[in-house]
Every structure is written in C-alpha cells, then in structure tokens.
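In the two complexes that follow, chain A is the common piece, with chain B as its partner first and chain C second.
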Partner chain A sequence: MMVREIEKTGIPVVHVVSMTPISLSGGVNRILTSYGIPNPMSDPYATPQVQERQRYEIMEKALEVLCTDIQEQTVFDH
Partner chain B sequence: MKKVIMYLNQFFGQIGGEDQADCAPQLHEGALGPAQGLQGLLKGGEITHTIICGDNYMAVHTQRALDAIAQMLDSLEFDLFLAGPAFLAGRYGSACGEVCKFVQERYKVSAVTSMNRDNPGVDMFRQDCYILEGGSNAAAMRKDLPKMAAFANKILNGEPLKWAQAEGYFSRGIRRQVLLPEEENVAERAYEMLMKKLKGQPFVSETPMDVPEPVPIAKPLEDAGKARIAFISTAGLVPMGNPDRIQTAAATRFGRYSLEGRESLKAGEWETVHGGYDHSYGNADPQIIMPLDALRKLEREGKLGYLHPYFYSTVGNLTNQLNAERMAHEIIPYLQEDHIDAVIFGSA
Partner chain C sequence: MKLRVGEFQVKDVVFGEETSFHDGILTVNEQEAIAALNPDGKLKDVKLHVARPGESVRILPINAIAAPRARADGRATFPGYTGKMASCGEGDLYALEGMAVISVGTHGGWMEGMLDMSGPAADLTEFAHTINLCFTAANVDPSEDDNSQKTNWDYRLGCCLLAEYVAKTVIHQEPDLWREYELTDTTGMGLPRVVMVLEMSTFYENSVGYDDVFYGVDVRCIVPTFVHPNELLDGALCSSSLVCAGVHSYTYNYQKSLVLKKLYEKHGKTLDFVGVILTNIGPNIDNKVRAAIRVATMAQMLKCDGAVYCQLGSGTSDVDFQKTIVALEERGIKCVGINPEFPGRDGTTSLKTALDPRLDAVVSTGSACEVIELPAMERVIGDLQSIPRDKWPGCWADDPIYGPSLRADGTLIVDTDHIVASTESTGWAHKTCQYF
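What follows is the complex of A and B.
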C-alpha cells in the first residue's frame, strides 16, 4: 500500500477511508473513518452548507489524528 | 517423450563440497544426483542433460554463469527446466531462482524449482517462476522430489495447473480466472464459507491477503498549526479530460496537480475516473473527494501550517502492490523536497 511506504520514511499519514478493515489488514497505523466509498469527505444528501462543515470537520479531525500519539493501529471516527 | 533439463549445485551434482563452490557451469548428458531419482518419477519426460554450477560462482559471477548456461542451452531442445530442490540453502535457492528466471525468459519454457519457505530465494524469485514449497534440508528430498515430479508431470502432459495453494507453489502474485467444471460454483462455495463463518467454524479464504509486516508508527505532529501537510488520494480525481490518462483500474500512473492560487475545486473542472464506484457525487462536487476549501480554511485559521502546493491522485482499484509501492516512492521525493511533515491520504 502507498500509505505504508510513505509512513516508512517517518512521515505520519492519516488514511481517511470507508473500508477500514482493508486499511487495517494493509498495515496502516492511523485510520480515520470517512463518510462513504463514493463520498469520502461528506454526506452527499446533506445541504451544501452542511457538507461544507462536514468537510471542514473531517479535515480538522484528520489533523488531530496526525497529532495523536498511538501505540498500535488505531481507527478514529470522524 | 518430452525433454527436461535439470540444474544442480556442485554439492548435489556430486562434484564436491564447499571447496568446489567456485566451479563454473558444466553440462553433463543424462541425469545426475537427485535428477536420477526424479527421472524415475517423470511420466512422459526424460532428463536429457544436467547442468551443474558452484553456488559461489553463480552468486559472484551471475552474468558470466548465465551466459555460459545460455551457450549450453542454445543448441539443445527442451520442454521443461527443473532446478534444485534447494531446501533452506540460501545461495543454492538464489541460484535456482536466478537460473529458472533466466531460462524461462530466454527460452519461453516453464521452469520449476523447490525451496523452503524461509529460503531468501523465495521472495526474490516467487514472481518469476514456480517455486514449490519444500523441506528445510536434504532429508526432505524423499518428499520434495515426488512433489516436483508430480508438478512437472502436469506441465509435461499439458494438464491445467490450479492456483498456488492447490498446487503447493508460492503465490506468484497473479490472479487468473479458471474454469473448474468439477468444482462447486462460486455461489455454492461462498454460501458454504458464509455458513461456516456464521457458525463460528474455521474456513479458508480463497483469496488470502498477504499480511504485511507492521510499519513502525511515525511520531505524531507536535503542532498541526506549524506542520507542512500534503494531500494524496486514490479516489481517482483528475482534471476534466484526464490529461495523464490515469487508468480506471490497475493504475500504473498518478497525477500531480497544482493547487497554487486555488481556494476550492469546482464542479466541471474535475472528474473522477476510478473504475470501482459511482462517479456521480465526485463529478457533482470534486471536494467530496479532495476537500480543498476545508484545507484552505484550516490553513487561514492557522490550524494547518502549510498546504503542499500539489495534490497527488491515482486510482486505487485492483492496483498491483508493486505499482502502488513504486508510485509511493515516486511521490516521496516531492514530499521530502518540500519538507512535508505529514500526509492526509484519502481513499474511496
């Protein structure tokens, strides 16, 4: 997986993904659950204003995950 | 009668031990050493020649050894090439893999060897030839030779080969559709497997994932407000028209798209080409895949120190592991050049 190769260089990576079991079996360390497979960053049935907030919040959460000290593979919820 | 050629090292070729490990390749008529045992087990094939080469010679003078072997083989006709078994012997295993790969590429003839799972030759050459799983030392010869013969016989007699697990060779990383009329169909097998799973009984996946070694967990950022962040995506978002022709499946390429001067990604300028999901949401709003407006806002608010001026995009759909790794290694220098501290990686 691409994520693993990047993290091997010492750069922390947060994987924002819907299918978290695949990410776990691929050996990714920091995993953030996304909204869905064709719509990772927001709920397409929400209003544009709500989606804008969802995008902001999931990216803010991604930054928080990158700042989180973990001891093992961890899945975070958005 | 089909013709088979066998490769052995100096020890199994009965030239000598470590003192003969530097000997150059030699060609002998007929079957020698383990090849004799194998000969008795082959059906429809005859070992016409045995090539013997010292393990050190092959390791140190690989190209010279392969050139010499090519000179021997160019004038010979053969239908199958066998090497080993190499058990847990590292140099012998590498030599068998090296020769099998070479012969298969040059003569378009199947090559088969046998090694123990922990032989370094397995990982080096499992994608290049058939490597049967063998024992750890020569005491396993009695088991490994019949296994090799049974597999060789299938090739010699044109019998269809099944998948790695069924045939006892190390997976070559190839997925191929096979029609097995005598087997239960896929719905029946899936049903059986599901029932076992529901009952908590053990079952074996037909497409096991290689579980990779864990990657050391990278240190967290101290302050995202001071961090330099890049965004990468495998959800297949590309500029309209897909200028880099990123494949919709089994991608071998990625795009590097400038974010300079952009505050958001607008519908109509971007499209998704990922072949594995419905594109309607991503085409209607590219920021559902790459949330640039959110990243810019976080940057303005000082919660994200700096956003790398490019985002990287490919399609993570049936992507071959080696291509995924290669693409990552092609992206990494761009990240390092811009002193990137962390990556947000979005997938579909």
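What follows is the complex of A and C.
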C-alpha cells in the first residue's frame, strides 16, 4: 500500500521483498526478491563479510531495477 | 495402526491429599503436580488454580494449553518431549475429557492470550467450556521475559508434563467409553481420497525453541512430512510460541482436532481419509514454494482427489496457503481452505495478503479484529496489569479512539485476537455464518 501511495506522486519505487505474491496482489510494479522476511537484505547464515557484500549488491541491484523500463508488474531476482 | 482412547468425563477438579480420580472428580496433590511440571526448577512461584465454566474468572497471560492424556505401557504422552522417544498412534490412551491444562506466565508477548470463563468472551472459545487446571509461574531466568517473542519453553513443556501427570491417575481404571481410531481398508469402495494438510508454526528458522515440536524436535527447518492421523491424536505434535492467541492452535487443539475427527467419522462412508500432511509457514519465499511443491507431490503420490487445508494464523502464512492450494489444484486435487480473517477494525481491509482465483472454496473461522467490551471479573488467574504494561496482540496501553484496554474498574476493551483459540482453524472456532 505504501509503495502504491508513493508511486501515485510520480516517484517510482522498487519493493525489496521476500513475499513476492503479496507484492503482486498489492499491485506493486517493480519487485526485487529479498532474502527473507526477518532478514530482507542478506542471508543470516552467511559470514558477516559475505552479508556485507550481499547488502551492497542487493542495493545496487535495486537501483538498477529502479532505472529499468517495464510494461507490466515484474519480479526481479537479486 | 489402531488407537483406542479411553475417555473419562471430568465433573470437577479439586486439590487434596492424593492425586486420584473417583466418580468424575479429579483430585490433585499440589506439591506432586508442581514437582512433575517443573522437573528442572526453571520456573519459580509455581501455583495451581482451577477455573470452571461460568465462573467470574479471567486468566492471562496464557502461553500453552494441553489435553490430559497418559499411557499405561510407560511410553511418554508426548514422545521425545515429555519422555523418551517412542512410537505413538497405536495402543491404549487414557484421556481426561471436559478439562484442559493451561499455563500462565507473568509477561504478555507475541503469543500470549486471555480467557474469560463467563461473559461475552466465553462464547468465543472452547476453553471457557472446559474445567481448567491452570498453573501460574515465573521464569527463574528473567532474561526469558525480555522480548515480546519468547520461547516460553519451560511453560510449554510444563503444561504438557502436568497434563501427563494428572492423566496418569486414571491408568488401569475403566473409562466411560473407548473410542477407536483406525484407517480401515477401503479398497474397492471407490470413495474420494482426501488428505488433511495442517500448517505448523515453522517460522523461526534462525533460533531453536520457538516453533512447533514434533516428536520432541523443533520443526523450524522441516520439509513437509506425512503422518498418520493417530499420531496427531496421540501427542506427536505440540504447539509453538509464535502465533497470536486468537488464531493459535494449541497442543490441545492438535490432540483433539475436530477437522481430523470429522474426516475420520466420514472415512469408509463418504470419503477415504488418507492421512495428514504437516506443512510449513516459511520465513522466505523459497521455503514457501518448496513446501507447496512437496505437499502437492505427496498428495499426488497418495492418489488424493481432495484436500482440506488448515491455515495457522494470517499474513505471511497467506502465501503458504495460496501457493499450496494452487499447487494442489493444478494437479487436479480439489482443495478446501480453513482460515481466520483479518479484515481490519472497519472490515474493509483485504482479507488475504495474497489472492488467486483458484482459492475458490474457503471456510472462514471468523474475524480476529472485532473489538469487544468485556466486564470485570471477580477473580484473576495471572496478572491483569500485563495488559497495559506489555506489548501483546489484541490489547493496548492506550488508543485515541478506544482509550486504554484495561480500565480502572477492571472492564476491558480488546480485539477478539486476544482470546485464546477464538479463530483457530483445526475445528475449534465457535462461530457460524449467516447470510443477510
């Protein structure tokens, strides 16, 4: 809901989310699959160094998705 | 695999010299019972209480509920959990009926709930209609109470241990009746094959001690598995510490699932009851998709024609619900879902977070968001001040519209999600539907 309200103002949004079916049902346009509900930006089983890299990479990927032209609701994998 | 359940109808529970059962009266020796439920001494200030239907009693914060059962052959009631690992689902089980065992903590959190034995909230839950042997206690280690998400491990285990302890007293007595549970041979009858799919709490993948307990093991990383219905009736699955009270399936609800019993009743008559698939509520999308694939594949291998899916809770589990039912339907297995609704206080919020046109047969156990006014009660088992003090579902310290949940005169205003098992989905919700 928050994503849709922000997009109404003309600002595109990437929803980084694990529960992609909820995003799709909610009408989100740019969806980026995350690692998990309690840990969206990295894998909690990975080492701290790997987690740091994962966070950086998923943020980079989110920025890339933000600039990607889409015609319909699209789910991107990290 | 044949299970015989010998049922003893309990008319009252009292305290006395010797733990015994005569003429429907269960007498409990308090010291022995407390020693049985707290073997490692991790709980302190343990006290026993009895709450009867119709009494002016409020019980909170409740963290576990179990049905008293015991076996004569020495096997633990809850194998791998209250005793040694053993098989379950066959042989004789001795059961005290008409009563429940309830554990009550000191702090409300994510999974705590409340129970009124009379008044409007009593209509909402089965446990206002059972005689309840309750224990109140505090954790010796106060760090156990720090978070809103707690394992409640010693309360949950204590509840099962107390349920086993009191039921042991009827072993070798002749019950009021024996009920037999056996999946009899239906070969050649041509009946539709139906499986029950039961969501377990498997959400807390990163830590042990929060999720459901299956044969003594925390199911947090489980992949869906197939069990005999007798195993559920016989203590194989115990409840978690993660699900809001209103939608919570307690150990009692698993042990006596009415959906399971109804499928049994129809077995060999109108359907062929295949068994129960225990499935997940995953913390990430891979877990949910994997569970849906595994459930659908197992159901297909079992040559099922239909499935009844009991959802635990709402929100994230809506995705498991949607994914699994769609996977079943895609393989030609017709599926009925049973679940609670969270339509918001004004009733306008989307009922499910994830939708699909193939979710076309869903039974509602009711709204968990109804705001209800409750009168003050003469006796409180537990701590009424946990309502304004702690963060737990269905109640609040203050609210711009409703004011505080707990008022100075002891009256309450809460969500129905505050009331234990009021919208749970294994058959215990006290609701009916009506068209207007």
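Going forward, the second predicted complex is superposed on the first by the 78 of 78 C-alpha atoms of A that agree within 3 Å, B and C clash if a C-alpha of one lies under 4 Å from a C-alpha of the other, contacts with A are read in each partner's own complex, and residues count from 1 in each chain.
Assume a residue touches a chain if its C-beta (ideal position, glycine included) is under 8 Å from a C-beta of that chain, and two chains touch if they have at least 3 such contacts.
In this text, all values refer to a predicted model and were calculated from it rather than measured experimentally.
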item	value
Clash-or-fit label for the pair chain B, chain C on chain A	clash
Partner chain in contact with A:Ser18 - chain B first, chain C second, else both or neither	both
Chain A: partner with more touched residues, chain B or chain C	B
Touching partner for A:Glu7 - first (chain B), second (chain C), both, neither	first
Which of chain B and chain C A:Pro44 touches, first, second, both or neither	both
Which superposed partner A:Asn29 touches (first chain B, second chain C, both, neither)	first
Clash-bearing segment of chain B, relative to chain C, as chosen among 188-196, 224-232 or 260-268	188-196
Chain B and chain C footprints on chain A, overlapping residues	18-19, 25-26, 37-39, 44
Residues on chain A engaged by chain B in the complex (per definition of touch)	1-19, 23, 25-27, 29-30, 34, 37-42, 44, 51-52, 55-56, 58-60, 62-64, 66-73
Chain B to chain A touching residues, read off their complex	209, 211-224, 227, 229, 232, 234-235, 277-282, 284-285, 287-291, 293-295, 297-298, 303-304, 314, 316, 321, 324-325, 327-329, 331-332, 335-336, 340-348
Residues of chain C defined as touching chain A within the complex	205-206, 283-285, 288, 316, 318-319, 322-323, 350, 352-355
Residue ranges of chain A in contact with chain C within the complex	18-22, 24-26, 33, 35-39, 44
